[in-house]
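All chains are identified by letter, namely A, B and C, in their written order; residue positions are counted from 1 within each chain.
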Amino acid sequence: MQWANIILQGVLIGGLYAMFAAGLSLIFGVMRLVNIAHGDLIVLAAYVALMVTERLGVGPLTSLILVVPTMALIGYALQRGLLNRTLGDDLLPPLLVTFGLSIIIQNGLLELFTADSRKLQAGRIEVQTFQVAEGIWVGLLPLIQFAVAVAVIAGLQILFYRTALGRAFRATSDDQPVAQLMGLDTRHVFAMAMALSLAVVAIAGVFLAVRANFDPAIGPARLIFGFEAVIIGGLGSMWGTLAGGVILGVSQAIGAQIDPGWQLLAGHIAFLVILAVRPQGLFPKVSG
Amino acid sequence: MPDALLSLRDIDAFYGDFQALFGVSLSVKTGDVVAVIGANGAGKSTLLKCIAGLMPVKRGDIHFAGMAVAQAPAFEMVTRGVALVPEGRRLFPSLTVEENLKIGGQCGRPGPWTLARVYELFPVLAERRHLPSTSLSGGQQQMAAIGRALMSNPHLLLCDEISLGLAPIVVRDIYARLPALVADGLSLVIVEQDLAQALKAATRVYCLQEGRIALSGAASELTRERISAAYFGV
Amino acid sequence: MIRVQHATTSSRIGIVLIAATLIVLAAAPYWSDRQTLRLLAEVFAFVALASLWNLLAGYAGLVSVGQQAFVGLGGYLLFAFVMLADVHPIAAIFIAGPLGALVAIPVAALIFRLRGAYFAIGTWVVAEVFRLLASQISVLGGGSGISLPAAVVIAMAPTRQIREFETYWLALGLTVLVLVTIVVLLRSRHGLALTALRDNETAAQSCGIDVTRIKFLVYVLTAFGTSMIGALIFLQKLRISPDTAFSVNDWTAFVIFITVIGGIGRIEGPIIGTVIFFIMRQALADLGSLYLLIMGAVAIVVMLWAPKGLWGMIAERFGWQALPLQRRLVQRDTETK
């Protein structure tokens, strides 16, 4: 039964990884931009949540009410003010600018908050567990987090395929000039996509902050988890990303069980194996 | 000209260092069907892109409905009432037929054109409304592209080479529907390589030759010989 | 008769200046102190690393944020051969190079399945895997790292001073070797293919250039050089740990900063960039993490408003080149402009 519990833990944390990944793949889908600072923005969201919970005395989940719009606004400004200038045929500018951004955020947070580990307290839900089946227990918080991840992905799917904004995203990603002929200001569309991405990042950041200790340096690892979830699941498919996150989480859980030092390695190896035998991912979207 | 819907004066346009248009002047009155003809590379598509705001204009003025719009970007021109049916149709492959039409109307300009009306004009699209736009034939894609442009309720419709790659019977079918649009109050600028079709549909003709206007006048007044001479630059 | 001319006036001047500088640098042990020697060796290492990264990103279009994988690999290979196989440290450096290239082959086979920015992150994952694996090797210190045994250090040379001189000359020599190799490569027809690739990959392909093979070659070659330099760096430090060996900041962030500021896609860029970097480092040394922040901001500003870097701007403005790498067709004795 121990293995069942371990795999269940892996599945649940996979939801968090899928949330890391969702924002990343959204941006890539709409504007072919890979945001190297993505992980650091997740950590930034965690620190914003820290400030909100400390100043206003609210719980982490309540802080989402402020953190999500704040990060969305940051995303809009970031895209409109900086990242829109990097878009184009050349690969180097967006990559190097977002890399520079990553360095700036990490060191900015270091200056403001020091390297001390922090964590947000969510109260009782952190320790509550309940029994799902014979010998199998699941924590309330991980379950909530997984449910939120599923909801976020479902929400993104609905947004992309059932709303005018989603139509704008898809059209702009298909053909920028013709999208402009539809009356779409593509600068604004890209900024909205980044705002949405960072809204998801905000949710992911808060859950990260509650789940474990965080400090300014853990950003790159979150980027890598998100990236691995996207590649394992397959580019272009949101539900594939959830599957990718779950596989990553389960691999890590199994690795940790074999030897604590092998947790991260097991995840990377799973990723490399998928890359070797099925590079298009498990559920790639066939692009039309 | 006070009653011109669209007037271009001395337009110069460049692709990088390469000059594509030299001092082009053109005007369209409300209700006109203006044909812009010329050989490949003469600058016809470039001209439409300048009007639609997709290409920057280095020198000269463009006035539309009384406003100076030479530097207006494409998304602004649509809200003003200029719609372009781009060369090669260029429907959005990630969108269904109906989504392509809907996004055409996303700018929210008031007017008579709705989904229902577009389906009335092109019934074959209604049959395929939820299919991916890539599943349409060439002629159907052209209809969808025109429908998409109409959804923005334009005053001026720019059509770039709508006959390209289509069978003659399909071309005739599409052109047969244009007069009804004009009767409704739409003005057209048509770029065409199919001379016969262009001259049949047009009220006025401009001929471009290597970026310059080589000939212009009412369609009824121009002879075949004069047009050929201007077209080929002899 | 038409021939290809590489040199220009500026490159003739450049060669002379470079030769003079090399002589001065080679004589450094005789005119400078210990600290300066260490600093110069560090400068050389960064010039080499940045030049290699420039070859990869600026010419082959492969942007890697994971070259620290090979820096650390080189370092660990050095320590492994010296401590476990009793190999002389300097010989170990020359083993680390080829072995690093060998490792790069399966790595490339895997990560070449990724494109563009995803390739970049893939290189980062590889570096992370190397770091985690290194932490598992307890015989080389595991997670906390290990120092080179005193006996080995002393056995390297008769006196500490001679050891430091030798290490310095090794650093200079290796860096010159790396640069010369890059120049030779760029002068060859592979170099012509690379320049074509850099300008327009699709067009290059349609000219019959096997783009994938060239990129693969450059990746493996770069790994060779990076591993050797990594071995050298950690020989100088006398101590290695997974975090220092595979540090993103030290071996990627700084290298990228140097190349961007100096000028991507030109061989003179990394050299200029390294000089600027070290000047900035001296000037901002007291600021701690603020210094990295400023560096990141400067890199962004340069990337957006001067994407060709400092040397790029100068070269375009004045048509200079410090090394004879241009290709001009000339007829007989008269130059065609």
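Structure notes:
Criterion: contacts are C-beta pairs under 8 Å (C-beta built on N, C-alpha and C of every residue); 3 or more make two chains touch, one makes a residue touch a chain.
As the structure is a computational prediction, the values presented were derived from the model and not from experiment.
Comparing chain C-alpha centroids with the centroid of the full set of protein C-alpha atoms picks out A as the closest. The greatest centre-to-centre distance from chain C, using averaged C-alpha positions, is reached by B.
Annotation: A-C is the more contact-rich of the chain pairs A-C and A-B, by number of C-beta pairs in contact.
Here the CA centre of chain B is 54 Å from the CA centre of chain C. Work out the mean CA point of chain A and of chain C, and you get 33 Å between them. If you average the Cα atoms of chain A and of chain B, the two centres end up 44 Å apart.
Chain C makes touch with chain A in their complex at residues 57, 61, 63, 65, 110-111, 113-114, 116-118, 120-122, 124-125, 128-129, 132-133, 135-136, 143, 248-249, 253, 256, 260, 264, 288-290, 292-293, 295-297, 299-300, 303-304, 307. Across the complex, chain B meets chain A through its residues 52-54, 73-75, 78-79, 83-84, 86, 90, 92-95, 99, 102-104, 106-108, 132, 134, 148-149, 152.
Residues of chain A that touch chain C in their complex: 33-34, 36, 82, 85-86, 91-97, 99-104, 106-108, 110-111, 220-221, 223-224, 227-228, 231, 261-262, 264-265, 268-269, 271-272, 275-276, 279. Chain A makes touch with chain B in their complex at residues 164, 167-168, 170-171, 173-175, 177-186, 287-288.
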